[in-house]
């Protein structure tokens, strides 16, 4: 987290990119107009109530009703005019967002795939497919660059929502949704699944790290390298534990004989701030608890409990901690 | 002091036409059923628009003869239904009985052909693909309606053989006839999409 | 038909005959065979209210769970079941049925007839609804409740990701409640079209009745969509069809289209009766006819039409083509116009009326304060870009609770107080009524207003917990605190009603000096409603009645005879005889349960249920010997003893 201020909230009212900024702007337009409409209508209501309270008898006079007719028609006309204004500003904002970044040559493409309950993030390399970078539950993006997210899901419908950068877009089986985001302020932004996706819908978060292009490039080249070679005997034993225990069936570690795709890629997972899609901080203690009995922490998760002896666990942790 | 009253003692009790409550109830039910069939049609059209391969290439071109015979027969059966409808106005029991007998026969033959000849030869099941699902459900829905129409007619037929027929039953005859028109006519668009469309240019080929 | 003038006779004898003609059967069979619209209506209302309490308890459990981040009060399993039950209960088992119950109870009274058009069908509708609700709750207590939300989106609710019987139960409950809804719709449409008393032409139908007509038509066209959608879901799960399976050519988005094609009109089906309540209450408490009656009726109809063209605004985040989506923005915004016009008409009514205050009116004031907020947040949600941000967050939770509680619950509670004297013959306690109102108004806003902010601060819907450091804790505590006040409000109201029912002040026939026909009857109304079918000579039937307003004579007291009139001008046309009480509706509902519940576990039960239901239907329609005998005598003109309720000597021709 070099030099990046951590903003722990995810908020639609603290925009950090052009899309969220235009929506935030539109929101305030709508908000103030609606507040005005509310105050005026309720004022009419209470004025009418006070007037009605004072009468000894209901008015029964066609001329009076005609005046009321003019009042209602005027209100209706003002309502219609206001709605047209709102419709216009909404459509204009929608079009601006819709065309944003599409023709920008600098755009970066990232594939995000939803899983119950974590995010798979891939940085494909069109020229050299083998150089694709695999990550999970975090998205690194360079600032001031339009980023095209290709959204897909492995199971049920999810919805990607990083409120500081943009509204949400669903991940629907059988169709790839394209979605542009951009960050202008460096920072770490939190996002979360917004479409109910089962048991652990509440624990399906991700972080977006928006950083200067050169930092992003550094991160990317680091991610492209394989996992570091274990050095100490404990780490070496831990690597064997990893390969012999069920771990390798579901998790991938670049440079190792582990190609599982059911769970997140672990090649550099210690560089990620959180475990279990944002549920736990990525500390050694949390990691041990998670490996020992993930379902106790996150009921419903596909990660099974693991029966490891104390020394096996220590070795495994020693190895996993090298995966920076 | 006097009280004004509106004397309705001269009004008739019950009618066998479009003024009766049951007639309106019947129309409301047809509106519901019609919406159901419209939804089934919408399902077909929606899935057709989202699939590149429709009907799926594994679906054989259906044999046209029996479905066509069945459909034409069903359409022609509106004639006995019409006879029942008209004869009920004048309580002319002979045409009513003949019309009912023909309707029941047509209903049974139609159901037999659907069940024993057409459906087994479709070449796919409801669980084969989404196309199969929607076709089977449409046929199933229509079959249920056909069973209901035939059963209702049969019940009225049997009843009227043994029990006295009063105005209320004439209304029932007429409503059943209207229901019959509905069940016959609603089948026609489905005949075209299920049996004719696979013969036309396939989407995606 | 002729108009006669008679000396007003003493109707004691006729009343006794009518009591006997329309009486319930004794004992348990009497209870199960009841077909009177008031009894069935009250059953709907009481049952729906009990489901409302259950839904409220579920809401309270959720509020406790969300008090603290990472709370362990409920696990994800329990929480997901409970929020699913809360939504399904409130939408399908409370909001729609209770409005239908009011319609069943009030519409025949307001249009001046003895019972609904198809009394047996009406009873059947109630049992089907009751059984559907009980089935859902039985499965809930057996730990087999659905847990995919009241919307049950596929593929999450599909066979692959939701094993077990929960979703099947949900889908079947939908079938049951929608059948019941359709039944009520047919009843109300036919009753209002064909059974209005003479003089009640289309332009004199009370606005509440209009709102029920509009709602009934919406039900006719909206509810089949959800029956089809949930039916496909059941088939996908039970027999392996592929309607929503993308890999076999199905489409999960199709489910969303079908569900919201129903789901959006559903909201209007819930709050349009609320608008009817508001009109009824305001008419009585301003002492003038609602300003702009024709406009009010047309705006209801326009709202209904628009309600069918906005469903896609629930799907803006799915990534449909933007041009098409903009159409739905425009349509969604347009709904403000008719609703706004209604609000301004009510304001005009209050301005020019003699405005009196009592608990029902307080609830109407609550309606204004709350519902308009919901309408305006609806405007925000109609905007696609804003929708992208706040969709599926607590902002939406706040929005639709403002719409539904503001638009339906506040008027409903107003209606409870307004018609309480009519149901029971006693007045409720005014002080307690006002207390319950203020508790609800404060509690509601404290609970739901913070949710707007929560949504904007990133809290998604349907999360069973959230993490420390999200800054959501305080607002959630506030929301939970507000819920306590809401619970107290409902409790106060219940206690008020229970006490006042026995010991309240005698209400008399028209304590509010209200205008619709039911207020011309004693409180509670007699079992047969009107001894003589009334006639009306203006929009506000009671106010506009002449001192010697004619009533209809010449109908039998010893038969369940009703007067059928023309659709447009309500001129008398003919009479029809309604069937007697019957056990068959209950039996048919039971056999259908066997088929539909059984099918969840074993497909053949469906066939067994269908056969049994066929038998029940034959029994239903088979005329009793007595009825048949009556018909035959009538056709021969031999049915004697016609009692006109007009002693012969007093009869003289008018003019």
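By written order: A, B and C. Residues from 1 in each chain.
The definition used in the following text is that a residue touches a chain if its C-beta (ideal position, glycine included) is under 8 Å from a C-beta of that chain, and two chains touch if they have at least 3 such contacts.
Note that the coordinates shown come from a computational prediction; the quantities given were computed from them, not determined experimentally.
**Student:** Just grab the chain with the largest centre-to-centre distance to subunit B, centres being mean Cα coordinates.
**Tutor:** Greatest centre separation from subunit B goes to chain A.
**Student:** I want to compare two interfaces, A-C and B-C. Which one has more contacting C-beta pairs?
**Tutor:** A-C
**Student:** With chain centres defined as C-alpha means, what is the inter-centre distance between subunit A and subunit B in Å?
**Tutor:** 52
**Student:** Averaging over Cα atoms per chain, report the distance between subunit A and subunit C in Å.
**Tutor:** Going by mean C-alpha positions, subunit A sits 39 Å from subunit C.
**Student:** If you average the CA atoms of subunit B and of subunit C, how many Å lie between those two points?
**Tutor:** Computed from C-alpha means, the inter-chain centre distance equals 31 Å.
**Student:** In subunit A, what residues contact two or more other chains?
**Tutor:** Residue numbers touching two or more other chains: none in subunit A.
**Student:** Tell me, which residues of subunit B touch at least two other chains?
**Tutor:** Correct list: empty.
**Student:** Do you know which subunit C residues sit against two or more other chains?
**Tutor:** As it turns out, subunit C has residues touching two or more other chains at 251, 253.
**Student:** Which residues of subunit C touch subunit A once you look at their complex with the stated criterion?
**Tutor:** Touching subunit A: residues 75-77, 80, 148-149, 153, 155-156, 161, 246-247, 251-253, 286-288, 291-292, 295, 317-319, 322, 325-326, 329-330, 333-334, 336-337, 340-341, 343-345, 347-348, 350-355, 357, 365, 368-369, 372-373, 376-377, 379-380, 382-393, 456-458, 460-467, 469-471 of subunit C.
**Student:** Using the touch rule from the top, collect the residues of subunit B that touch subunit C in their complex.
**Tutor:** Contacts found on subunit B: 1-15, 19-21, 24-25, 28-29, 31-32, 35-36, 39-40, 43, 46-47, 50-51, 53-54, 56, 126-134, 136-137, 151, 155, 163-164, 166-168.
**Student:** Quick one: which bits of subunit A touch subunit C in the complex? Just the residue numbers, please.
**Tutor:** Going through subunit A, the ones touching subunit C are 8-13, 20, 22-23, 26-27, 30-31, 34, 37-38, 41-42, 44-45, 47-49, 51-53, 55-60, 64-65, 68-69, 71-72, 75-76, 79-80, 83, 86-87, 90-91, 93-95, 97-98, 116, 155-157, 159, 161, 163, 166-170, 172-175, 177-179, 190, 192-202, 205, 278-279, 299-300.
**Student:** In the complex formed with subunit B, which residues of subunit C make contact?
**Tutor:** Its residues touching subunit B are 1-8, 117-118, 121, 182, 185-186, 189-190, 193-195, 198, 220-221, 224-225, 227-228, 232, 235-236, 239-243, 245, 248-251, 253-254, 257-258, 532, 535, 548-555, 561, 563-564, 572-577, 614, 618, 621, 623, 628, 631-632, 634-635, 642, 644, 646, 652, 654.
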